[in-house]
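Next come two complexes, and both contain subunit A; in the first it sits with subunit B, in the second with subunit C.
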Partner chain A sequence: MRIHTNNNAFVLTAACVLILTSGIVGLGQDAPAPAGQQGQQGQQGQRGQGQRGGQRGPAAPAAPTPRRPDGKPWIGSVPGQQPGRWNGGPTTLPLNMLDKIPFQPWARAVYDQRQIDQFEPHTRCKASGVSRQFSTPYGTEFVDVPDLQRIYIMDMGGPNSYRIIYMDGRSHPANLTPTNYGHSIGHWEGDTLVVETIGLNEKFWIDTRGTPHTEKLKFTERFTRTDMNTLQYQATIEDPGAYTAPWTTTVFSMRWAPNVDPFEYVCQDNNHGPELMLGSQSEIDNTKFFVP
Partner chain B sequence: MRLKSVRLLSLFTAVLAVTIVAGAQEGHPLTGTWYGDFGMTPAQRNDLTVVMKWDGALTTGIVNPGPNAVPLKTARLDVKLGTPGRQAVAAQGGNPAQPAVPPTPSTFLVHFEVDAKNKAGGMDHFIFDGKIENPVAGNRTIVGTWMCGNTKGDFRLRRL
Partner chain C sequence: MKHVVFGLSLAVLLLCAVTSVSGQHTLAAKFDLTKQLSLKGTVTQIDWSNPYVHIIMKVPGNPRPVIWAVELESAILLTKNGWKEADLLLGESITVQGFAARDGSKQISGNSVVRASNGKKVYSGTNGTLPAHAVASGPVPRWPSGQPRLGPPAGQTGYWGNPSRTSLLQDGAKMEMDAYGLLKNIADADKVAPMQKWARDLYEYRQRNFLKDDPMYLACKPPGGPRQFEQIYGFQFVENPDFNRIFVLLGGGNRNRRVIYTDGRPQVGQINGDADNPLYYGRSVSHWEGDTLSVDTKGFNEKFWFDNGGLPHTEQLHLIEKFTRTDMKTMKYEVTIDDPGAYTKTWTSNWTFEWIPGEETPYFLCQDNRP
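So, the complex of A and B:
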């Protein structure tokens, strides 16, 4: 009887593991290969990585910045026109200024180590907020809904999730529970959309190269659409848990990919980095079922 | 039969709970819950659970959370930064060739102390010194030694 019970326990345990693992790995055969799951360490200023269904080749001649009826820029697709999305966001926030970043010692050491051991949570299909939304495969779509006073940011190569920017003048709630996307509020300063995000947890990287952060992070982004095809992006990092002073990135440029519809992207399906999810790399403990 | 069902349900719940709480922590390397053991010999081991949190300046925490939890008296991470490597450079002109220099990884040394009540009712002072072996992995480990008076041994903790 004892043996029987143990067998059942083993079978049930194995079943639990299989079910939960399949939720992570996915068994789908029909999903598009997420080429962007590997080799996401591109260079700044690049066109989008792994565009799917988007155009390649020379960019269209830059039309003026599209504007809403209230005069503010459309930050994403323009109603009445074919939708599009932004490509080529920052892959490393300290670009060209690594030695000037006011890292705390532990944060610099972690950053350096992450250049060697690139166990980025995004490769395990973890939702990755703030600037990491702009360096996912297949680009990033902004859905500006002035009537709702909200802007939605959808990173196509992410785990089917999105960030909401509240544009209705609200403040951040007190006692936020930290999450992957945090709580974002935005306002306009002239033609620049300024977004402040707090309430971020520590379960993701803010860029593909592993710039560290803690739950104390306040992340301020400035978006300026200088013409139809260009979105300038700059971020200020205030995180007394990881840095000795606030610092501001250089200005990055994202490029508009017109006439591309979003498509269903399931990160877990046919993921090219299963070893990162299940832990076959030597630095990961293979005895553990799940690599957190 | 009913007992078996209860056991199986409990096991399922435990597996699910472990899965859910095993969230990544990509911030300060010490923050989180660490579980393992310490002892004087490989055969003589004692469970050890340490919960640590980095507040931006200090690491605080407790040992053995629960009714008998005790606060960490002190805890810190001492980082020794590594050095960047260099790619090999071929001889060119009058300049000699330079060999490649591999990078030196940073080291993450951990120190914490705790006072714990002994069976005689007195207080024992434990000092733990270790090293994080895989500092940027979610399930990183601390391996090191401990001492309490003249008693010494080793410990190993894994971040849950």
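So, the complex of A and C:
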């Protein structure tokens, strides 16, 4: 039997609804993994609200934070070892602090509506930047290329694309055209990689729960590899379009999955909602998008 | 419909020949090149996105106004030509000339958009080519080991663009084919590649339909195989010697990534065997032959077109791709296509890419203008 499960967008949606309505967790078991990954996927899983994966099965051997020759941490795979990736990123940025978030009224209303209507752009194969990259059950590989002064972030569970973090000290260009990944610049503060992103459009969600944002968003991420197997993640949301003040998430923790090559996962492979991407164009009016 | 003028002229066909290849579909796949329209109206909405910028305009009509969509170049090409969204304002009066949509929907190709306020063209196209850019020069950049660098020199930026071919054609064959890969004379189909009968028939069907069934156009499926190197928005090589691999990061097509391993690992199948999970980009292993990177790829699925022009392939497709950087500016690409499922013999094609220095790979997402 041939297995074509590269895209689990539909399954993911269904699974999200399940999680929301019944508190069932364990997406790693509910969603079939891409065929090339089934061996390892069974060992992952999901525990708790707002974080996925990496908390079940044998942990990778404990070891101190791996460091580059210049003393900075390797944020991703370590030369001399097989590549690996991070699992269990945040899925709910307001975790444990929903009532403290300085929503503007419209933004709170949108957030509440999205808890009922899970119509996330990610399920229609939109590329999803910033924290949403870490929310799929398939993990995220950081490709640190000091030679080019860049870090590439490749989420395994999306439209098979990539985000670039410039590490060369450049600043954001003026007049950015908003995009799904925005413009990310990073620098080190001690052992913490600080990444600031602007130029984000509103065509994706920043987490699976639909925490709203606008094009005014400045999204700051702090990554700290506290040991070989742990990557702490904290985000600060500064968006005068949706919030009355900046706010900072709790600290999330991602787990290292060793010895796994990146794999091909093409969201469009098995899109169960093609009409959502294509539309049926019988009439043109201002309420419809024009496709393709 | 008194504001709509239908016309047919030879000029129409000439226009066709210089129209952009920036987007997903051939012009003829969506628009009827024999139905030229001229519309006057006011701008009600501008959708500044890829693969096509759209102007939404209200055209006076009886009993009520009609809303039309005007399809233009990609946001990338308009931006590179100096246009920005704010160069046209909501409420402005414009005159649009172009072709009507085949399906009768209120869509027009924006071959010319003229502002009533000053009589000048706005958002004008580029004939599908990248506008002026810096030209690279100098010898092949190399790693300390002496091996050529396929990507930028350390600390620099740039990408590979301007492919000299944008559709496959077997070496030695000569015929007229446009930038989309559409043949001028369908009778030339036999010379394009040594196709088996079924493959030739399918190719002709796709050609006769102006490639309208292209999965990349219809559903944003990836451009696997040689097609990833036929896109005008180019690609980048990110060499990652720490892990014996090279990433191909696409600008055009779908902003996808592909991995090529360089550690001499064998060409092994998927965990459950190739037949269980064939891929869009296949499994790629490689080795160096002097200054040439030779890449061996198998394990493709059949859910995409591996060529802009619509040449078929099967899951038996096996590619040998050779990349040779001959100087800073130039990369030679030679591909050997071995697919006993679709072709009568192994065949080859080749073209070159140009290094575009100092620029980032264009940011193109096929899904951008879809809901």
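Just so it is clear, the second predicted complex is superposed on the first by the 213 of 292 C-alpha atoms of A that agree within 3 Å, B and C clash if a C-alpha of one lies under 4 Å from a C-alpha of the other, contacts with A are read in each partner's own complex, and residues count from 1 in each chain.
Everything that follows uses one rule, which is that a residue touches a chain if its C-beta (ideal position, glycine included) is under 8 Å from a C-beta of that chain, and two chains touch if they have at least 3 such contacts.
Bear in mind the structure is a predicted one, so any value in this text is a computation, not a measurement.
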First, second, both or neither for A:Gln149, with subunit B first and subunit C second: second
Contacts of A:Asp261 with subunit B and subunit C, given as first, second, both or neither: second
First, second, both or neither for A:Leu193, with subunit B first and subunit C second: neither
Which of subunit B and subunit C A:Cys125 touches, first, second, both or neither: second
First, second, both or neither for A:Leu231, with subunit B first and subunit C second: neither
Subunit B versus subunit C as contact partner of A:Ile116, first or second or both or neither: first
When both partners are placed on the shared chain, which of subunit B and subunit C touches more of subunit A: C
Which of subunit B and subunit C A:Pro105 touches, first, second, both or neither: first
First, second, both or neither for A:Ile75, with subunit B first and subunit C second: neither
Touched partner set for A:Asn180, first subunit B, second subunit C, both or neither: second
Touching both subunit C and subunit B, counted on subunit A across the two superposed complexes: 126, 203, 283-285, 289-292
Residue numbers on subunit A that touch subunit B, as the complex places them: 5, 8-9, 12-13, 16-17, 20, 105-106, 108-110, 112-114, 116-117, 119, 121, 126, 202-205, 210, 212-216, 240-242, 283-285, 288-292
List of subunit A residues in touch with subunit C within their complex: 2-4, 6, 34-39, 77, 79, 82-83, 124-127, 143, 145, 147-149, 152, 154, 159-162, 164, 168, 175, 177, 179-181, 203, 261-262, 264, 266, 268-269, 271, 274, 276-279, 281-286, 289-292
List of subunit B residues in touch with subunit A within their complex: 4, 7-8, 11-12, 15-16, 19, 22-29, 31, 54-56, 77, 79-82, 84, 103, 105-106, 108, 134-139, 141, 158, 160
Contacting residues of subunit C [partner subunit A, same complex]: 24-25, 44-45, 47-48, 51-52, 54, 56, 67-69, 71, 75, 79, 84, 103, 105-107, 151-152, 154-155, 217-222, 238, 240, 242-243, 247, 249, 254-257, 259, 270-272, 275-277, 279-281, 303, 360, 363, 365-371
